[in-house]
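Inspection log for the structure reproduced underneath, given as structure tokens.
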């Protein structure tokens, strides 16, 4: 028996939720970044899975979107980490619940 | 073959432009690299120019164009292109050669300037833009390059930007020429509106060819005059000549470039280029627009050469001489001697560059002294400069037979003599020649003869890198006359496309002797007047000019440039100032009073309404605002500033959306 | 005859696979994979042992002394002795170390190094794992090394280790760019990422004599040199061995490792060296193709290993010859020279391709490279930029 | 693709991801993050998208993970995750998980097997990238450049204080 699309989706959903968990519950800014990366990876997994299980033959759209989203995720990570460092320089902390200057 | 060359004609201006871009990208310390690049670019341009020049020699009346679509808007496309004809080719060679000499000269002259590389970048840019003007086959392209020339001149005149006078002069030059360009641009628009094309030559459809000219019809006069405005601005014709003497604030090579090769030549070249528009519907060579050109030219020529008499700044004198020569060219163009005008322009390019570089050498020798009264006796100290300068002076004052200037002037006089409208310009030109000879003699005497004075004590001959260009240009100024003699009017024939037979008999003609006599008279007069100039003589103190001593009032008049700047200051500028004052007053008293009156009425009305306001309206408003404030506070508590909270809210929203879809499905 | 000798290893593999012939597909795959793996490990661990002793001997010769010459004939059993020594040594783990990371680092680094070997074609039909994106795989695995080095540095909670790891990662990242970019021209010209295709594309001879290797084209030669230098850096060899500069930081990220873990690091370094050299051979030196048509009867794998050992000898030679460079010099060199030149190689390859891959293309690409090289050497001319040395002290 | 591999990879990936999300020590989290991404790359291999998988390993393990550990070193003051975890966040995450799982499982159309496809060669991907997706490619290049410069500017220490 070979795994169905459903299984892949379940895996990616789990992955997504884990990412969300990391992004929501941890206090360290880097954890939030890690969580976001995990969520993006889950999305990529979905794209690829849907491309693979979609009606064949077809242009590799899912693959393309995955590639582009990987590139964009890399850019996002770079900028995010740079911001973490800048914030750390400024406030001497990377703990996001101490960074609430913008509260109303 | 030919076609291919013309297609790549753009390479000629491209070479210096590219050079300037590369130089700009260099660091300021790479001086030698900058200079070398600039020179290389210019040499490339020169070689290519000579190539195309030789190409145009093959057939008389040679003209090849290459047009292409620049961009299309709507259904009609805007075409630009290059043209190669004797006019362009001759100008190309002249500009490239003179430019090259000036470049080499400036290596010596700017040797110890901290912005050396930037200077060469600007120079290359300048010459590139001018070459572009020359090869343009579209009025639009020409205008673009024209404005680039203006920009370059602005940058170069204000090169020593730390000097306030330089900055002011740059601004003045830029704005004054803009005034002319305004008219030029209007002319372009009008032309495009009438003829629907801006190409000069487009095998029959161009705006300088029959079809286009017919389309112009009666409006040609006005278009011509508007375009002429641009020429007036660029070529420093009266009344827009005021920027040209001030442009002397720039480094001397720049002045040379502006006055000899590039900037001022552009105006004359423009008129020559669009000459068909001027001469459209001419009755034996006279049209209203041409008459305007002639009169402007005459006024400029005389005015400038008179003013030159009263100046002490070596470069200003030359500047005014340029203005007057340009006036001469305009006259020549106006009376129909296009070839003569262009010939004089080209010849003038050489000897004026020579004069300016000579002046530069003198200034360099007398450590940046501009006042001719402080010089003197440089003849022995700077022999090469002296000789070359003398050649330039002879050429400028139009000494025939040996110096290029003489033949071209003679040609111009010839043209003016045969003008049907009136003979006044002719006689005025004769007077102008005398004056030219006069002030040049004055300058020579002041600078090179007589006793040494303050600045010339420690003067020294300049380095070979500066004198070599002088010699080259001097030789040009002399041997150029070979192709100019009426005996063998080669250049004339080349420009007009007519055959140029050799006929020694035509060498001797009355006009020649007339001009010879006039020049002789001028020089003689000068020698007699200024023989003791700069020295104490009689009860005249050393630093007063003989003319000043004889005719103080006249001299003051000339010295202050006929008070033209002041005139502008008290008319144009004063009018606007008065307008401003007037509106200010109106604003202060009239409108203000009116407003106050209404305000008073409003107050009175207000007193009645306040009462009702207090009781009726305010209460309600206060309630509302209180409610709004409370709401705001309530909402703002949501803005915890915690990104995780926001993320969580987003997640909840996503979940809600998911459930909604699931429920819908 | 020659063919059979050439394919002898393939035959042996088939023989080994024969018993499980009837087995399901996945079992077949796993078995063949295992065979490949064991073959690889066997060959390259032997080669490692051999090189480790040869290097010492060659260095010895270069420094006018005998290398190891006690154990066995010519000291050839030296590695065995070393291995035993390493095994029976005490394995010290610092008390404040991050145990897990400290333990995992050598395993990971060795694993990645060995994985990288898997995609290189060692001979005709002798690519252990021929996947479509082989080159990419190589670099993907190689880039994992940095993480392993970092783990080593961090895990053994020690200033020297950390500094060494930082240096190593810094220079690895800096030189990964030229390393990868210099492969682009080859990939572009061949139009495939798989090593097999690249080797196949280098078959044949110009004018029947000069082999079709990419190193014989200007861009190929330039790219090969750049690639080789980057390879030196990637495998932390002299003159780029600042990460373990004994004189400055004890042994870099390996300071806190002893016993077999240290041996693992040592092995990983050498195997990484083999992998890079193997890739260089594959990309530029025509893989397993013979240099001269006449010598094609010699089996392909022999050629591969001959080329490989030549490169390895150059490694050792460099180590014996060159002094150690400063870290800032390494960095400047990477970003100001290697990277631009690498990009230029791409352009040169494109020029070569569009000029018809002939003699004309040869000269054109040479011209491109020459121009850029001269421009760079003018711009980076540091002769007149010697500043007085400034010392900074901790305040 | 056989299910054994799938199960193994799934367990590996999810375990690593969970570790990345929950380990107290940042470094461990970062390393297990790298492992999780290797697992995802393995999934891509399983799905026949080798190229994406390789790119994934290349970008995330080679670059992003290294970046993260560098950041951790540079912000060394608090490598321990300070402050207690946020309960509400955990609850939301679990709720989302439940919702997604429910939605996936109730859609029966998803339980399909993979059709046969011709292998997606790198050549083909390159061709598509250079033809249909060339503008996105350019935009991504621009984006990456912008990100690079932006990151540099963000972390640049201005001389007067540094």
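In order of appearance the chains are A, B, C and D, and numbering begins at 1 in each one.
Everything that follows uses one rule, which is that contacts are C-beta pairs under 8 Å (C-beta built on N, C-alpha and C of every residue); 3 or more make two chains touch, one makes a residue touch a chain.
It should be emphasised that the depicted structure is a prediction, and the values quoted were computed from it without experimental measurement.
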Contact-graph distance - origin chain C, target chain D: 1
Chain whose averaged C-alpha position falls nearest the assembly-wide average: B
Pair joined by the larger number of C-beta contacts - A-D, A-B: A-D
Centre distance in Å when chain A and chain D are each reduced to the mean of their C-alpha atoms: 6
Mean-CA-position distance for chain D and chain B (Å): 64
Distance from chain C to chain A - Cα centre to Cα centre, in angstrom: 34
Set of chain C residues in contact with two or more other chains: none
Per-residue multi-chain contacts in chain B, two or more chains: 644, 647-648, 651
Multi-partner residues of chain D (each touching 2 or more other chains): 2, 51, 55, 63, 70, 86, 88-89, 92-93, 96, 100
In contact (per the touch rule at the top): chain pairs: A-B, A-D, B-D, C-D
Partner chain B, residues of chain A touching it in the complex: 20, 23-25, 32, 96-97, 99-104
Chain D contact footprint on chain C (complex, rising order): 26, 98, 100-101, 131-133, 136-137, 139-141, 143-144, 146-147, 150-151, 154, 162, 166, 169, 173, 176, 191-194
Complex contact set, residues of chain B against chain D: 644, 647-648, 651-652, 654-655, 658-659, 661-662, 665
Residue numbers on chain A that touch chain D, as the complex places them: 1-11, 13-28, 30-31, 33-35, 37-38, 41, 44-45, 48-49, 51-53, 55-57, 59-60, 63-64, 66-68, 70-79, 81-86, 88-89, 92-95, 97
Touching residues on chain B, where the partner in the complex is chain A: 635-644, 647-648, 651
